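To keep things simple, chains are lettered A, B, C and D as they appear, and every chain counts its residues starting from 1.
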Amino acid sequence: MNKVYKNASTAITGINDGAVIMLGGFGLCGIPENCIAALVSSGVKELTCISNNAGVDNFGIGLMLKQKQVKKMISSYVGENAEFERQLLSGELEVELIPQGTLATRCMAAGYGMPAIFTPAGVGTEVAEGKEIRVFNGKEYLLEYAFDADYAIVKAWKGDTDGNLIYKDTARNFNPLMAMAGKVTIAEVEELVPAGELDPNQIHTPGIYVHRIFKGEHYEKRIEQRTVKKVLSTL
Amino acid sequence: MLRFGGDNGMALSKEQIAQRIAQELKDGYYVNLGIGIPTLVANYIPAGINVVLQSENGLLGMGPFPFEGKEDPDLINAGKQTITTVPGSAFFDSAMSFGMIRAGKVDLTVLGAMEVSEQGDIANWKIPGKMVKGMGGAMDLVASAKNIIVAMMHVNPKGESKLLPQCSLPLTGKRCVKKIVTELAVVEVTENGFKLLERAPGVTVKEIVEKTAGKLIVEGDIKEMQF
Amino acid sequence: MLRFGGDNGMALSKEQIAQRIAQELKDGYYVNLGIGIPTLVANYIPAGINVVLQSENGLLGMGPFPFEGKEDPDLINAGKQTITTVPGSAFFDSAMSFGMIRAGKVDLTVLGAMEVSEQGDIANWKIPGKMVKGMGGAMDLVASAKNIIVAMMHVNPKGESKLLPQCSLPLTGKRCVKKIVTELAVVEVTENGFKLLERAPGVTVKEIVEKTAGKLIVEGDIKEMQF
Amino acid sequence: MNKVYKNASTAITGINDGAVIMLGGFGLCGIPENCIAALVSSGVKELTCISNNAGVDNFGIGLMLKQKQVKKMISSYVGENAEFERQLLSGELEVELIPQGTLATRCMAAGYGMPAIFTPAGVGTEVAEGKEIRVFNGKEYLLEYAFDADYAIVKAWKGDTDGNLIYKDTARNFNPLMAMAGKVTIAEVEELVPAGELDPNQIHTPGIYVHRIFKGEHYEKRIEQRTVKKVLSTL
């Protein structure tokens, strides 16, 4: 069975209006740039996007927001995006804010076949409203459900033709979790090698979780907060 | 190294708040530093103390900012700033990152706040009527960390105390803050309310009492902070 | 390649049971094979079909046994046998291994059984009065797998049917078995009980009916298995 | 803070009679041979051991069983051990059998600060007796609790002085999960290198989970079921 796709536009086949999709990345770090561009080109709309952030005005998921392709964002932090704010305040866009660890763990739960998890994050806050609270060892936890996503779109550093993935540095972030969580998982990689060339001990996402893979192109890898030693001498 | 300054005359500068918090570090600590003043704590780690900085986007062993031209877009901290790593670092996914936070493996968490209540409740993510950007990892951190120190100004720009009987803003977490370091004082959160531990050099107990809206326990002689 | 043989005259050999099960494989399947007859299935993967073998102790891409002298004690399967890997393999920990099993990522699970009920219940881990060695990963597999095929003899050494109205032994899992391949027949588990799909070459429907204690649906002409 | 210990006997300091300890390994693969030997020498007793298996008669945890140091085994499979069977039948030894995936996930839950998890394993069987059952999406799950272990003892392939660990092949198994789960985690490694020599992208267990580390010696790595191509030609 061939998992290798030619490019992003063929790999996103089947993502239709109204789909629930996960997108890996933290800020603009480790985002699936090629698939986002292909989704923008495809014109698909009414999407529910599960992603830690919503990109910036002219990059990342921000590009999809500009085209009004997103109906709902499920994120932990959505700042740094004027168009996002405009759509939100005008009621065009729905947002569900979720603590970052809860977001990550709800992805993992889906990939691990666990229907729900317990976390203390949000206890005593508005995040807990309407949620089941349970006490273990004297501490309160919220019951949070595994995500149910049609597609997961992730970006890895290296991948092989069997779908095994390796991430680089903090570009790993949510990618391995979402890779496990999609009914269909699409991976774009900087380097695509034949099966057998990656060290089996170094695989972060085993190929069983990955249904489609392609070699991405022209990675821009925009930096959101460029900080260098010249700016602040010690840290 | 005693430096006076900051907006409030004899009060501490932001750097000095960070420097005072750095005195709380112990050798071998794993530490998560939030955005703003907390980030500055890394500049004042005492000699002979080794701490490992955790960045909740998936890194243990965060190092200084890179030299210009050495920025790597794949290597950022939770504030999305370009960073470096130190020897012995490790990368992991966001689930493991918050897993170790929930499991209490992070010894100290330092973060900013808009309000702290005398029960240790914290509000730092949402202002009604303003665009809500989200809680990021703050709710996970405050719900799980063993030891949370808040770094903030004692009063807000309007001059209102940020140490309150009850938080007026939506909470980030309940009964979690252990200590507060402001430009005026070091305050512990006890079962009976705030307790004044130290005052900034030259700052009077009276000023601190006036600027603390929540119940503040003042027992005996309150020492000046030492730097 | 039709081979007759085995203990029951015209019935299938263990190898032939494995060979028949191998016909259920589809290209791209991820497959978990239990100890015993299921392990033999790997020997009969049809030409043009690529499957990836999962070993629940933490491997995708299990290969054949090693050549003598090439055994690696760090590389074993769930039966604790020395094995090899194929290109494209990946190692992971036991939590991820059972995570992918629970999440239904494994397409087919083949395992042995002591008893199967007409509801699809399976018993294969415990015999009252005998030393209980444990369920290993069997309960996780049967509770989670999308498609479970049981490979077993139709009757036990005492001549008693292993396809029962109700299991008499302690269960490993409930309502999970989809199909059973024995030395006599291929049987599907339906909502209305066992359903005879195929018979071993030369084996009569009458013999299968006699040796099946649970309700067995026989509809129309029952074809012989093709090899 | 120094995490490096000289050897197994110093690294197991503090493991006293009655302790609850986790031991990594699957069968005899990836077991902490040095620490087991040190525990045997120490004479500590009344231990509760959480380990997937109980070793064989003359190796692994079997060595501790022979010295009657184990009060209770919590395992998924305990065959291949005559002395084990004798102690069990005579009532000297208590055994709690747990499905393998449940065992693994209860370790992970401890390391991830999740007080309990849901799993379908054991539903409808005697494993479910006395346990809370909950239905999600029409399927029944058991509520299972995170383990609470005093010590976790694991074996890794490579480690560094900061406690970062890398495992090899299927010797990984339960080791990373238990490493996360111990109040005190002790790691023995085949190769111990200075911090900075391991690739941070390849670390399986970040050092934050590891409190003590030492270079193990004289690994025997006994094979339980030696199978080679001569025995069975195809597989």
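Quick note on the criterion: contacts are C-beta pairs under 8 Å (C-beta built on N, C-alpha and C of every residue); 3 or more make two chains touch, one makes a residue touch a chain.
A quick note: this is a predicted structure, and the numbers were derived from the prediction, not measured.
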Chains touching both chain A and chain B: D
Selected interface, C-D versus A-C, where C-beta contact pairs are more numerous: C-D
Chain A and chain C: spacing of chain centres that average the CA atoms, whole Å: 37
Centre distance in Å when chain C and chain D are each reduced to the mean of their C-alpha atoms: 29
Euclidean distance of C-alpha centroids - chain B vs chain C, Å: 57
Distance between chain centroids, defined by C-alpha means - chain A, chain D (Å): 33
Multi-partner residues of chain A (at least 2 other chains): 105, 112-114, 119-120, 167-169, 172, 200-201
Residue numbers of chain B (touch at least two other chains): 59, 91-92, 95, 98-99, 101-102, 144
Category of the chain touch graph - line, ring, star, complete, other: other
Full enumeration of touching chain pairs: A-B, A-C, A-D, B-D, C-D
Complex interface listing, chain D residues touching chain C: 26-30, 52, 75-79, 85, 88-89, 97, 99-105, 107-108, 119-127, 157, 167-177, 204, 221-232, 234-235
Chain B contact footprint on chain D (complex, rising order): 1, 110-114, 160-162, 164, 180, 194-196, 200-201, 203, 206-209
Chain B - residues contacting chain D, complex: 27-28, 30, 50, 52, 54, 59-61, 85-92, 95-96, 98-106, 144
Complex contact set, residues of chain A against chain D: 105, 112-120, 136-137, 139, 141, 145, 166-169, 172, 200-202
Contacting residues of chain C [partner chain D, same complex]: 39-40, 42-43, 55-59, 64-83, 91-95, 97-99, 101-102, 121, 131-140, 143-144, 170-175
